[in-house]
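Here it is, the structure in full.
Order as written gives the chain letters A, B, C, D and E; numbering starts at 1 within each chain.
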Amino acid sequence: MADQTAAPAYGSATAHIRESYIAQTRRKRIYGAVLLAIFVALMAGGFITADERNAGGFWEGLHQIFDFPAAVLSEAGEKIGRLPENLLEYLPALIETINIAAVATLVGAFGGAVLSMLSTRGMALWPRLIPLWRRMMDIMRAIPEIVIALILIFVLGGGPVPAMIAIAFHTVGALGKLFSEVNENASLKPVDGLASVGATWTQRMLLGVVPQVAPNWLSYALLRFEINIRASAILGFVGAGGIGYELKNAMAWGVGRYDQAAAIFLLLFITIVAVDQIGSALRDRLTHGSRKDLLA
Amino acid sequence: MTMLSASAPLSADDLKSRAEGMFRTKRLWSFGLPALVLAYLVYAFFAFDVPGLIDRARPENGAILVRDTYSYKTHVERDNRTGEITFAIEGERKGEYPEGTYPDWVSVDGDVTTVTLPKGHEVRYYPDHVEYDVPGYGTISAKSEGRGVEATYPDGPMPDFISAARNRVMVTTDAGRVTITRNRTEVFRYAMGWELFFFTLDSPYHGMAPGALLSRATSGEAGEIWDDFWHNEMWRHSDVAWAIVETVLMAFLGTFGAAIVALPLAFLAARNFTPLVVVRQLCRRIFDLCRGVDALIWTIVLARAFGPGPLTGSLAILLTDTGSFGKMFSEALENVDEKQIEGVRSTGARAVQRYRFGVIPQVTPVLLSQVLYFFESNTRSATVIGAITGGGIGLMLTQAMITQKDWEEVTYYIILIVLVVMLMDWLSGILRRRLISGGGEGGH
Amino acid sequence: MRIEKLTKRFGANVAVDTADFHIGKPAMVGIIGASGAGKSTLLRMINRLTESSEGAIRFNDRDVTHLTGRAKREWQSQCAMIFQQFNLVPRLDVVSNVLHGTLNKRSTMATLFNLYPTEDIHKAIEILDRLGIAEHAPKRAEALSGGQQQRVAIARALMQDPQIILADEPIASLDPMNAQIVMDALRRIHEEDGRMVIANLHTLDTARNYCDRVIGMRNGKIVFDGRPDQLTTGAARDIYGAGADFSEGATSTDINALETPQQARIRDAEALV
Amino acid sequence: QGEITEFRLGVLGGENAQDRMATNQCFADKIADALGVEVKVFTPADYNGVMQGLLGGSIDAAMMGASSYAGTYIADPEAVEPVLTTQNIDGSIGYYSIGFARTESGIESLDDMQGKTFGFGDPNSTSGYLIPSVEISEAGYSMEPGDYFSDVVFTGGHEQTIVAVNNGDVDAGVTWADGLGNWEDGYNNGALRKAVDAGLVDMNELTQIWQSEIIPNGPFVIRQALPQDVKDTVTEILADMWEEDAECAYGVAAGEAKDFVPVTHDHYKSIVAARESVINN
Amino acid sequence: MRIEKLTKRFGANVAVDTADFHIGKPAMVGIIGASGAGKSTLLRMINRLTESSEGAIRFNDRDVTHLTGRAKREWQSQCAMIFQQFNLVPRLDVVSNVLHGTLNKRSTMATLFNLYPTEDIHKAIEILDRLGIAEHAPKRAEALSGGQQQRVAIARALMQDPQIILADEPIASLDPMNAQIVMDALRRIHEEDGRMVIANLHTLDTARNYCDRVIGMRNGKIVFDGRPDQLTTGAARDIYGAGADFSEGATSTDINALETPQQARIRDAEALV
């Protein structure tokens, strides 16, 4: 074979390859080193800046890191007898938080589904408007929930609805993007088939596309539900009701209400962990289940 | 052909009734599911007290907000006791016209100050009373005395744009607003735009045309011009820029810090790298705790130790994301291709070398894309965290909203935030594509 | 049906070039031509899945080329389309797929909630029975073999009760056995119900065996239009633009030619030598 | 007690964070000049942020509300000491909590509030929560939600309370005012006045329904752990400010006032007691 | 090298059953056997990737069966392993993959930062050149064809400068052309450098053509051990436990058998008849 007969000549033939490889390695090494240096510099510089602009320094504060949890826990420990009563008291607020997340996820998933179909090539009702819908979803994702919530609180007054709308708004953008990624992998043949019988756009989408994408959509919607529970707790913190509102009031008061704060912590923590665990188990089933379905 | 005779042993009628049965079940589902969702939404509708909410909704607040975002108002205020008149944009001290100057729609003629409003409306301040010409209605005249405000109106029923009480008269028209109380008389005049966005009234560059500015700048005044703009007292561009930087900084430190902390821990939590169940479970529970507690609560917990500021926010993001990354990284590590590791192992490589060459090159693309995705979404979260811990654009935004008067600033901040988040989205997209397809193994 | 100077351009590429023909009475028409000749485009324009660039499609003296909205969907429901890849909804059951043929007649709302009238369901089963696949009615479409799926697609077309059936290479994805079943079904529908059938075919012998009339296309132009017996090897060479080495056998799907598949393989192998 | 390397000033109030930073910058500059160290101004999001900062030692001095001072005192009596407070133009060193409702609701006093919702501001606010909750319960109207009022909510702050009442989200609420001047102007100083100036509310549409006893103005507190000379220097700067730089003092006091006068913890004993009584309820 | 009563049990399943053989001088040894016979397990035990259950592996009178830590890695670096799936790091470039052969000799710190000595890089490129793939040196491993990747794997093995090369079905994933190149390379290494090569093979003719000695395994036991010419069709039937219909041709990868692929297709087609 050619490569064997050529073997004795390698000294000179490889010289060039050797040089260029070593040059390439050196380039890569420098490139890598520069990247690493930039990254390290950014991290270090960022840390120093943040430390500088923070009221308390990192190193001075480090030993106090458990002060606050200790204060909360010691008060909660003293009043441990009131824990069940406290848990019960804040249960309705927790349910409100979960309701906010659930309704927002439902509404957001619905809006996201519609937008995703409008912005997927081959499915869109008005193909020219695809870029418009996409930008719209980008913007919806980029606006923080807190902004919309605060504006709506100003117009509608406090309570769960502004939070719900704010989260739903964001969810439309986030799920719309994920859904349209799923749509892109769906087959357009059934859509063509339905078009050929004279089906309307709604019929084409619901009968032709939705059956294909439903498991993946559901899986993404579940993930979003988890995220939305956290978001709704946070919005409560700025006055939009639910458990976040109760937590903020208990926390802000400080000593004297730490037992309540601890009870709310506990409720919130259990909920988040439970939803997280149940959600990932369900999602596992959905995505794997659907794969099995297709193979079957 | 055999098609008809080949049909199933079941008769067509059997099949029909079976198909009917099938459709009954399908209908039940296609009605049942939406019905369940609908029932839940109805429950939520009442649980959230939406009817009451609609009742209480204040569309006019929305109108104020919307109007503020694209227009500004100038206050012309007279202290009825001293007779002194001040002109101030948005009624703020920083927006006051310097002593002796006033906008061009005001004319001062001896004791009489005339404020011209759009659409033919006109307000005149006389030493002892105020007159307001409303075209199509007439002239309202009001006099404030120690006992109250005495006003005379044109004949006829009182129109609903006038809110009159013993001590206070307020006329709100689409040309402006006039308020007369015992102590003060005040006119709001609305105008388009974000006044003073570039220069405040005390700056020599206020109201200068772009062309003129440019020629000044080229003739060596660029520094001063920039300085006047950058330190504009009304809009505070430099502070806003810092706040944006602070917000991105929180996201950056938090996300990448978390990635650095989570990577070694993820090895400890991955089944194929840590056979010890105890260690693995311990790590996973730590991840669950970090994630479960949420950045919001971490912010509060850390505020005692570190006080308000961006560092506290970064650390809160870092803690939460360590949990998320730990979980995701360890899942990625459990899915690595064993063949590559075995290949490296067969050369007699040490454990660290096996990880470095058998594992890291495989997982970097996955991890990197997850980290970059989080970086983008954390930029948005950092806004909220900043609002709670006291740092960055989030604090400015929430505070401007809570005081409920600086809606033009709110608009400004929102636009900035949206732009920054979209920029991050775009940047992380580029980085993801570059680092994953090209650039070798990536630096970190 | 009358096709008048129908043209379709994709950018600079002319997929169908001033096609002109007239089908007087319900006939079974085969369209043949090499890959890229414009067969699919022609059919898709007739069904209005693809917009035409120029020319007109008339049916019973009505111009259907520029219908929109309701009227367009109405027309689509009258000329059913059958696809090479079946284009069924794979995750839905067979009966639902067949019932999709009624979508145009029923209200959107009703169909979304599966509120198909019982007589429609019965009719669907009868059609499936006529095509010999009634026992698969409750299965998911994706669980069926290619030939069965194509028959489901035909059932959907019949459910539309169309005046025209357009079939775009209905047997190209099928093995010879199933190809024969499907072509027999189309022919029978043509004969028994008197519906017009226009089928794109990629094999000459199928066209010869089943059609009353054959149209040949090449580079978007109609280059042959006549009875099947006029379709000599010479004419076929014209249509396919092939040289003297053209051999029909290589693309034949006639089941009789395949009784001994091993022979075919030997012949194929020899052809390569 | 040793040297300090920087001095951190916490600022709170009903204004934009950046405005607050700006109005207090002159104060910070004066401290920096006197102490020779860098002075930083921090604007936490709420009262609790200042309290946590003082308790954790990351904030050295702040102008506080009486109630949040009491909260800090209860959490750690050694943490901070009050040194000065604001003296109003009329010489008083207090202000009032004002209960108000929409005129059209027909509510004229607390007696009309049975079965209605009542709104507080921040839980750490003296006039927005502590004093009204204590005084109103003492007057016989229970503050337990569902007892006398149908609900009692926190709106988050004075501004939000005013908006909430104006919107009808709550039937009545409390906020602060100096009690000088006229109702229709929203008094001379206070949250109502700021809302009026911003064009948010029409005072004709609001009615006062309740007024508290006088509440002591919040103290300027300094962290006790600081070196004594630092504490003295900072206290002196502020105490002399109205005389030396009225413009700056206006910013620090967030409004017109006469002077900053010395106070001690004793001034706030009643507030501490009130806060403790709320806890024990 | 001496293998003594080497046994591996996976639960109740005995993968390798008291294997016993001795290779005196550096030879090229082929191990053949049906799938599941235990060939891979045997090789993996020798490289110490898999722990043995019983028995001993001795090399130059040293027992390497129970080495741990440094000594074990030392041994691994002396007996290089080549895998059926190449087991390269696909995202790294070819030279880096080859340099992994030196990991055992260089300090951990230096290698972690890719600080390989220049002479190692030169050597790696020379080895690649010897195997005819030097021009691919800067490419990523995943960009190479299967045969090229396997040669990279061989280069990595050579980089270890091992006394033994263990090759586990090195040509099973390759087409005949590449298979020949790879086997030629292994043979040449054996002859020129005098290294011992033990290769699992799944085709008899490869074993016959390239090996000095062939070991046959069946159900974990060594059932044949001899020169290639002793490997008659009868012996092969024993090894594979095959019936009288056993035909080597079906698994042959000898490139000579493929000079005229069309003939092969014809033969295959005939075989089906």
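Assorted remarks:
The rule we apply is simple: a residue touches a chain if its C-beta (ideal position, glycine included) is under 8 Å from a C-beta of that chain, and two chains touch if they have at least 3 such contacts.
Note that the coordinates shown come from a computational prediction; the quantities given were computed from them, not determined experimentally.
Between chain D and chain E, the least number of touch steps comes to 2. Taking B-E and A-B together, the chain pair joined by more C-beta contacts is A-B.
The most central chain, judged by C-alpha centres against the centre of all protein C-alpha atoms, is A. Chains compared, chain C against chain E: the Cα-based superposition rotates one onto the other by 175 degrees, nearest 5. Ranked by separation of Cα centres from chain C, the top chain is D.
In whole angstrom, the spacing between the mean C-alpha positions of chain B and chain D is 27. Each chain gets a centre from the mean of its Cα atoms; for chain B and chain C, those two points are 56 Å apart.
Centre-to-centre, using mean CA coordinates, chain A is 38 Å away from chain D. Taken residue by residue, chain A touches two or more other chains at 53-56, 61, 64, 67-68, 71, 154, 157, 159, 238, 251, whereas all remaining positions touch fewer. Residues of chain B in contact with at least two other chains: 56, 58, 61, 303-309, 387-388, 398, 402, 404, 440-441. The set of chain C residues that touch two or more partner chains comprises 96, 112.
The residues of chain C lying in touch with chain A in their complex are 47, 49, 72-77, 80-81, 83, 85-92, 96, 100-101, 103-104, 108, 111-112, 142-143, 153, 156, 160.
Of all residues in chain B, those touching chain C in their complex are 1-4, 6-8, 10, 12, 15-16, 18-20, 22-23, 26-27, 30-31.
For chain B in complex with chain E, the residues that touch the partner chain are 339-340, 342-350, 352-353, 356-358, 361-362, 365, 440-441.
Taken in their complex, chain C has these residues touching chain B: 93, 95-96, 112-116, 118, 121-122, 124-126, 129-132, 134-135, 137-138, 181, 184-185, 188. Listed in rising order, the residues of chain A touching chain C in the complex are 187, 189-190, 192-200, 202-203, 206-208, 211-212, 293-294, 296.
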